[in-house]
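First the structure, which I've put down as structure tokens, then a few questions once you've had a look.
So that you can tell them apart, the chains are marked A, B, C, D, E, F, G and H in the order they are listed, and the count of residues begins at 1 in each.
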Amino acid sequence: MEKSADKLIIAGREFNSRLMVGTGKYASMEQMVKAIEASGAEIITVAVRRVNISDRSQESLLDYIDLKKYTLLPNTAGCYTADEAVRTCRLAREAGLSDFVKLEVLGDERTLFPDNEELLKAAKILVKEGFTVLPYTSDDPIVCRKLEDIGCAAVMPLGAPIGSGLGIRNPYTIRIILDTVKVPVIVDAGVGTASDAAIAMELGCDGVLMNTGIAGAKEPIAMAEAMNLAVRAGRLAYLSGRIPKKLFATASSPIEGMIT
Amino acid sequence: MEKSADKLIIAGREFNSRLMVGTGKYASMEQMVKAIEASGAEIITVAVRRVNISDRSQESLLDYIDLKKYTLLPNTAGCYTADEAVRTCRLAREAGLSDFVKLEVLGDERTLFPDNEELLKAAKILVKEGFTVLPYTSDDPIVCRKLEDIGCAAVMPLGAPIGSGLGIRNPYTIRIILDTVKVPVIVDAGVGTASDAAIAMELGCDGVLMNTGIAGAKEPIAMAEAMNLAVRAGRLAYLSGRIPKKLFATASSPIEGMIT
Amino acid sequence: MEKSADKLIIAGREFNSRLMVGTGKYASMEQMVKAIEASGAEIITVAVRRVNISDRSQESLLDYIDLKKYTLLPNTAGCYTADEAVRTCRLAREAGLSDFVKLEVLGDERTLFPDNEELLKAAKILVKEGFTVLPYTSDDPIVCRKLEDIGCAAVMPLGAPIGSGLGIRNPYTIRIILDTVKVPVIVDAGVGTASDAAIAMELGCDGVLMNTGIAGAKEPIAMAEAMNLAVRAGRLAYLSGRIPKKLFATASSPIEGMIT
Amino acid sequence: MEKSADKLIIAGREFNSRLMVGTGKYASMEQMVKAIEASGAEIITVAVRRVNISDRSQESLLDYIDLKKYTLLPNTAGCYTADEAVRTCRLAREAGLSDFVKLEVLGDERTLFPDNEELLKAAKILVKEGFTVLPYTSDDPIVCRKLEDIGCAAVMPLGAPIGSGLGIRNPYTIRIILDTVKVPVIVDAGVGTASDAAIAMELGCDGVLMNTGIAGAKEPIAMAEAMNLAVRAGRLAYLSGRIPKKLFATASSPIEGMIT
Amino acid sequence: MKITVNGEEQDTDPKTVLGYLVEIGIDPRRVAVELNMDILEKGEYATTMLNEGDKVEIVQFVGGG
Amino acid sequence: MKITVNGEEQDTDPKTVLGYLVEIGIDPRRVAVELNMDILEKGEYATTMLNEGDKVEIVQFVGGG
Amino acid sequence: MKITVNGEEQDTDPKTVLGYLVEIGIDPRRVAVELNMDILEKGEYATTMLNEGDKVEIVQFVGGG
Amino acid sequence: MKITVNGEEQDTDPKTVLGYLVEIGIDPRRVAVELNMDILEKGEYATTMLNEGDKVEIVQFVGGG
């Protein structure tokens, strides 16, 4: 079943894993590498930051990541305006030689919720410039439809605030988004544990993106494996056609043939 | 991590899989065998019924199950009194040459909820007779404690009515049961999809038992694999120490080094 | 509507209020009296305890309660066996000259969940002795049916542990109980705020019993009024036939006549 | 308590009721009037539509509403652009001689979710023109903060799609909104039954606006009374300081003085 | 002359907006009137003449949520 | 003589239950009395003598949930 | 002679339980047998005679949850 | 001459961007460079001279979510 042709396709590129993971907040590069490995992810997000020119001792993330194996997805984390985000994407493309970007334009520091007005502005510019834009957005079907109309390669509604671990707070809006857009829907942010990821996939989402849920666990590498299994479990369950929910019971053993 | 010594131990016997599956309601014996295989289960439940002596053509379940590979867990499904259940267990032991039994004493046909008064009576008798008793019960911590005191090898509280697919309706009582008994706690009944199984394991349960959730799915074999992955995902997530839930956000990308 | 003949009838006695309140844990007798008044309750629970014979200064609860206005419902709180509970009920009847009793037989001190085996024993004896038995029980439809068969005047399943404020943890089992018994179903224990009480009534319950939810609030008298309003609101909503739930929207303003 | 000075203040105007109701979808004008009466509402929403000049027989809504008693809140339901909404508000002000408007700019017909980009445009224009703007918006804290910054008199996030009866789908975002803005927060849309309204108020919202939940019930007048009670119940509970939630129990009857 | 009222073409003699409202039996206090996309204040009804080809919108409050 | 009342040993002269209640200042209408595990009806208070070694429980209603 | 097997009356000549199982084509290793409400151990099948009016239950494992 | 690199003023002799990167020990393949708000393509590093007062941003990928 899993072996089959159930691929995630983004902007014409095929991926076997539906789990995307971040590279932030790990105790060490070694731990990060092992966690990514355990997660089975093929797409990994990175941030774009100034080189520390006074202290060159620091090691480079790219020394640890096999670019033949992983697709880098640079983000615009920390940007609060369309301009900052666009500028960051341009730098990311030059640094990474790929046009995939995870577009974030944040609304405030407490919630890290998107500023969808600025997000739409940035998305328009970046799509025109040929970027493959994966926007982090609210679970707002109207904004998602606009992002699709602009030409984004996917929409990435949040399940809950970044790093909150609250899971999919509003499965209803996610279902409506799935019913509204044709591009892949990837839940980005909010996943705290394996069942959260499974639930996202069971709703019919095309993928899940997470960082803190893995990196912040007591055992990040084991949690990465848990998320790997959970995303596959949820996807398979979605494809397998679950039983309907009923208030009352149905026996699983036959009635006939009871001894009397 | 999974490879490690994280075994389920029931009555001194070790099992690698924490998923137990039923054998009822499959379209064919072939489908059942493939589904059990995909589930990774080592313990499988069976019912005890009269041989059809007028029609001997019917094939026997045991022709399809490798008893070196699987531990049979005969149930007392359909029994509404302690006496019927005890009688059925005695027949099961003679037919199966093992003393493992899944003890059910039902309260009514609509809910298939246990009659815990009768259940406790039956459990006392069977434990005295040397059975390894795994009782299907309510999510009632008091009854679970009494079953443990009687000497049952595990307790198997329901998540929701048998075949209802409603999942773990009351995680609070399951948590209290986990906090109350020392024997393994196995959620039996109610699981409808992969995330339900993951949630049971994330609560700290030792295992999950299901039948309709798999056999009743549109694609039982794929759903069996989904449940296999989900139980492992939930167990690993439980062992990995999930992040705490927070109302507000925490950034996963660094603040320092932003371009300005 | 409320003025109408929508009465709660227990053992042939009519009550206008569907809210029953306890008398424990108040800061003062004065506060208790005001809270009961604000709650609109007609049935109030009391405990049976030894008179302190060394210190006679203590004031008596009955000095504060108008027995023409309120029906006392003595409880067997603190009893862990059928015998203790029966003995307490007999004392209560002698002290109160009424045969109404709230029967509790507890299973342990941490959860204060009922020991339904002992509860059923006690109920059988008390019904034979002519008591009007209102048993506090689990949200277990099988036990509730047995209590009805024994002749209890109502069943009082818990919503959540006593004093926990968790609300109705499992509305599904409450619905099944409502569908199973003909005697009044009164949710006893677990209510933490007004909406919890409203939800119980919207499920179709005949009443709600609470103590800590009111007495433990920062403003017990105001909370008592809130619960009074909430029980009436939930009952009315139940009787009014709520709109069905839908995933998508329906306009409340007309489409025709838009300016163009 | 309720009698006290707990007023809802919008744009300097005081209201005793925190429930606002619509006037759409009633079986008759008489039913509408009785339902509004029963709801206790002081602010009622109306739509702006073309007079039917070919058929003058139709009765006018205003023949039935006492404008000394009620504040009309004209809406822009059915508008999909800022321009349409602004034009409708200008007509409403001329027709109603008040500058209160419920601003809606819809994103699509299936969800009737707001188009927040257009909503913000319209709000800017209307505030400049001196309207008292109460915008219907998403449960998006960033948009709500922008609406407050623009000068809206309140924010009215949806609980769920208009007419869906799904209640407050995401209490977390509502809590964050309450924590983000200083203007009144009024939950608009989604309320299906009394407890939904109580929950909105218990979260700390300043009011609730509904139409279908009342007009669509089998007994609209009784449901209007239920909602009236529920909003007051929820508000009082919020002000009364509910007990904390606990997994385990706390006795409400004293331990000491048990007979032995 | 021909004017368009609420999207329908109407035939009427030259008259004021107020005159027209009265003619078709509408209470001016209960409606708002837009003439060629501009709102008219109530005071202007009596002084504003309708002309050939005018586009008039006459709206009122109806039940809504 | 010695009797046990509510678990505490008490010293008193022979008297009726009613007499004892009055002596210790308890209103008989507000309590229930158990003598050696048997409930006494209110009518029996005046006619029932307390004897050496009797176990008496005197209970009342208190605040409870 | 007549015996009742799994609730149905059957006609058979006197024989052992094992003989009967073989006769009706049942593999003794796959079933459990109850004779007049008492379980028979497998070893007893060959040595236990069926008698007129005996009540026999022959059960096996089937699919169940 | 003085230039501003990543917000800090630096002193350096006239040289190409590539030269500067090498001087401060940065692998050009691992970074992106913005000169006075314009992105430089990697091919331009060797041919672009730094001038007095230039504002240079040199960024790389770091761990992020």
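As a convention for this text, a residue touches a chain if its C-beta (ideal position, glycine included) is under 8 Å from a C-beta of that chain, and two chains touch if they have at least 3 such contacts.
Fair warning: this is a prediction, and the values are worked out from it, not measured in the lab.
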*Starting at chain B, figure out the least number of steps needed to reach chain E through touching chains.*
2
*Would you mind checking the shortest number of contact hops between chain D and chain H?*
2
_Going by more than half of the contact pairs matching by residue number, which of C-E, B-H or A-H reproduces the interface of C-F?_
A-H
*So which has more C-beta pairs touching, C-E or C-F?*
C-F
*What chain lies farthest away from chain F once each centre is taken as the mean of the Cα atoms?*
H
*Between chain D and chain F, tell me the centre distance in angstrom, where each centre is the average of that chain's C-alpha atoms.*
62
*Between chain A and chain D, tell me the centre distance in angstrom, where each centre is the average of that chain's C-alpha atoms.*
35
_Taking the mean of the C-alpha atoms as each chain's centre, how many Å separate chain F from chain H?_
97
_Using mean CA coordinates as chain centres, what's the gap between chain F and chain G in Å?_
68
_In chain G, residues with contacts to at least two other chains_ = 6-7, 34, 57, 59, 62-65
*Among the residues of chain A, which are close enough to touch at least two other chains?*
22, 24-25, 47-50, 52, 75, 77, 87, 91, 111, 113, 161-162, 166, 172, 176, 211-212, 215, 247-248, 251-254, 257, 259
_If I apply the definition of touch given earlier, which pairs of chains qualify?_
A-B, A-C, A-D, A-G, A-H, B-C, B-D, B-G, B-H, C-D, C-E, C-F, D-E, D-F
*asked:* For a test of understanding, state which residues of chain B touch chain H in their complex under the given definition.
replied: 251-254, 257, 259-260
*Could you pull out which chain D residues touch chain B in their complex?*
172, 175-176, 247-248
*Write out the stretch or stretches of chain A touching chain D in their complex.*
107-108, 111, 113-117, 120, 138, 140-143, 145-146, 160-161, 166, 169-170, 172-173, 176, 180
_For the complex, give me every residue of chain A touching chain H._
22-26, 32, 45-54, 56, 60-62, 72, 74-75, 77, 87, 90-96, 162, 210-212, 215
*chain C-touching residues of chain D, taken from the complex the two chains share*: 1-2, 22, 24-25, 47-50, 52, 75, 77-78, 84, 87-88, 91, 110-113, 161-166, 192-195, 198-199, 202, 211-213, 215-223, 225-230, 232-234, 236-237, 239-259
